[in-house]
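As structure tokens, the structure follows; a few thoughts come after it.
Naming follows writing order (A, B and C), and every chain is counted from residue 1.
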Amino acid sequence: MSLLRTEQLQKRFGETHAVDNVNFVVEQGEVLSLIGSNGAGKTTLVNLISGLLSPDSGKIFLQDQDITSMGIYDRIKAGIARSFQLVNLFDQLTALDNVALTIFSRQGKTQRLTALAVNDREVTDEALAVLDAFGLQDRWNIPAIGLAQGERKLLDVAVAYALRPHLLFLDEPTSGVSTRDKGRVMDTITSVVRSGHITAVIIEHDMDVVFTYSDRIVVMHEGAILADGTPAEIRANAAVATTLLGTPTAE
Amino acid sequence: MDILVIQCFNALLYASILFLIAGGLSLIYGVMRIVNLAHGTLYAIGAYMAAWLVGQGVAAGVSPLLLLLLLPVGAAMVGVVGAVMEPTLLRPMYRRAEEYQLLVTFGLLLMLEDAIRFVWGGTPLSAAVIMESLGSVRVWGARYPTYNLVIIAVGLVSAILLWAFVYRTKFGVLLRATSQDMRMASSLGVNVKKVYVQAFALGCAMAGLGGAIIVPGQAAVLGMGTDALILAFVVVVVGGLGSLLGALIGALIVGVMRTVGIMFFPEIELAVLYLIAAVVLLVRPTGLFGAR
Amino acid sequence: MTSANIAFRSLKPLRLLLAVSPIAVLLLCIPYLTNPYQTLILAYGLIMAIAALGFNLLLGYTGLLSFGHSAYFGVGAYAVAFMVKYLHVRSMELFVLGGLLATIVLTALFGVICVRYTRIFFSILTLALSQVLWSLAYKFFWVTGGTDGLRVPTPSLVAGMVDAAKLSYGGKVVTYYYYVLFFFFLSVGLMWLIVHSPFGTALQAIRDNETRAAFVGVRVQRFRWLAFLVSGIFTGLAGILWVPLNGLTTPDILVWTFSGRIVFFTVLGGFRSFVGPILGAVVFNYLETYAISATVYWQFVLGAVLVVLVLVMPTGLVGLLSRLAYAVRRAT
């Protein structure tokens, strides 16, 4: 049984088929990269699966459970989490609070009106551990808006990670990060993801990153899946090479 | 039958005024995403300005029919006020959170309300001489003030002119482009600052016109601005914020509802309107034609 | 860095205690340091501070600007007045209970309507709803006393143990002042707990980024409604405490300009801080008492100051004071 599977998923924006009859499968425990040119439908697909958008038709199954009509809240509870292409953080809250809030929410403690948040040692410890895993432990006290761009991206992922999801969607986790730091950022993310046994789907444009870190690559083009396979298979795929990589032959 | 006819016209009259006020509000929001809480007060300033001009005209011995021409002058002056307000007080707010914008325009509301009191005092200012001089006409067997028909005509003409302006002129194209995508318009060479100030001035002038044309029938009084503000919001709630068509339809609906309400439930007239707004919001959050 | 260190560093308990104690002591001693008139003014100030605390839970912490908080203040006050008129109640405790009940019902109802919308629509809707209430209080004068209002005589405090009516004027003021002070301390303590709780963090997350808040599993609408409810309750309590002091309730406390004042003094104090609203309310209360005779165009001044505040000093008095403190520390 795959962790996630979509059946004939469709989403149109006016005339454009943003997601066109997509049967997308994600297997447990893998790190999958979703690639394609701009407008191929990658973010729309993730938006559909995470609940930000509703499909025009088709179904989405999480571990064989039909989640197509579930709202965002229920999908989070079912184990889906995501980070965002444009960093989406709680800017006035500290790095620690960004993560701590997520843990409070996960543990259902957010309706506690009269218990001091900082006094919950369990949550604070876990939040610190998460920050530590992402290399942000020294910045725990800085409001998210005061962090450097690379740190913000990492925090964005850390917040999604703190939900301890089964399935984590990362939308361009290295965009805007300097080339020098990309490796460090991706090393951190993938090591955390693998050690946490989290299945990750990464939308990426940087092909070096994609081919270095993925177990499997899915290529989208104009709303449909063009190719699906291991990095070696994709590299050898002529159709992918022409539409995406721009070269008539791969190597 | 007489009463029905009269009430129909009353509803149209009310709708005309509401369209001008709410249309101005919607226009500004549609182009600039700004809600000006002082908008109702600008309507009041239009009324006071026009009434004062008319008073000067009467003192100078001008004939009542010519006094009609002073009304648009009042409206234009409000437009000028708007043209001054936007670059000085509102432009710094665009980059900030919406709360700041609301707070600034709220402060303006307080200032302008007292400014009216300072300039024109607490006694109502009337321009009834225009109304009286035009007398009344027979409409389907009922006698109805001619001036009221003038108001309805102005409302209708304004709606048509506005439509033509927005959809048939070059400036209208700039307006629509800027409202749809400000950054894109700017990168295509549109002088967004100029469009903003002109749109704002136009919206304010509309509110001012609403005040100017109502004042011959209804003296300008303190507090008319805030009443108008609430009513304008009811209209945009019903019709949708940012849509001129919505402002028109909303104004018609609210005009009819108010007239019906007054006929049958004079006690809770205002409350009926707010209830309509609440129901529309519950059922269709962006109004009937909302641009969100 | 351990979680124990963090709790200590975040809350700064010693610093907090050092800052709060002198003020608390001062407030307790005021009736003995000054005359009944000054005590009375401060009582009004503390009451408005409670209202501001409630209001700012929505603005500063949840990012929702309400222009209709007069409705909750008014409902508290009118509930007390109705209890006097129709139920012949004289006990302050019953006033508080009955008033809070009425406030909870109204706030819950208005909240359901308002929180579905954000930003502009939310603000407008709160304004419109408070105007509905005002127009009802105005029109149904046979129930509400119309513009004449309803009188509320001096209640008996502390379950009848203190019959304030038997005291001298000074005694009444001082006794009532302590009653208000008790609720002030209670409100401040409770609100402080609330904003520092997981719930408070969730509200701030909603304020900062409602999409992300939804994506970490926070039920945004529900929490907004809860914040609205708590906010209304605090402001309603202020209304309940206010009306026996004022002796009379009229539709004037339901008008949008009254809501405007609450907005003003919260922004004046600094809505991005906890103490800002308290400071703003107390300062404004003094300004109003002393400066209102300086000019008839009081509203103009208010508006102008608000515009200047937003343009130039958005962090309000608290921001100003902390910048001054920083400058002083750097100079020495």
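In this section, a contact is a pair of C-beta atoms (placed from the backbone, for glycine too) under 8 Å apart; a residue touches a chain by one contact, two chains touch by 3 or more.
Quick caveat, the model's predicted, so the values are computed rather than measured.
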Can you name the chain whose C-alpha mean lies closest to the mean of all the C-alpha atoms?
C
In terms of mean CA position, the chain most removed from chain A is B
Between the Cα centroids of chain A and chain B the separation in whole angstrom comes to 48
Averaged-CA centre spacing for the pair chain C and chain A, given as whole angstrom
43
Taking the mean of the C-alpha atoms as each chain's centre, how many Å separate chain B from chain C?
34
Where chain A touches two or more other chains at once, the residues are none
Please output the residue numbers of chain B that touch at least 2 other chains, ranges allowed.
none
The chain A residues in contact with chain C across the complex are 50, 52, 72-73, 76-77, 81-82, 84, 88-93, 96-98, 100-102, 104-106, 109-121, 124-125, 128, 137, 140-141, 159-160, 162-163
So in the complex, the part of chain C that touches chain B is made up of which residues?
59, 63, 65, 67, 113, 116-117, 119-121, 123-125, 127-129, 131-132, 135-136, 139-140, 256-257, 260, 263, 267, 297-300, 302-307, 309-311, 314
Note which residues of chain B are touching chain C in the complex, please.
35, 89, 92-93, 97-100, 102-104, 106-115, 117-118, 226, 230, 233-234, 237, 241, 267-268, 270-271, 274-275, 277-278, 281-282, 285
Spell out the residues on chain C that touch chain A in their complex, using ranges where they run on.
1-4, 6-7, 9-11, 190, 193-194, 196-202, 204-205, 207-209, 211-219, 223, 226, 230
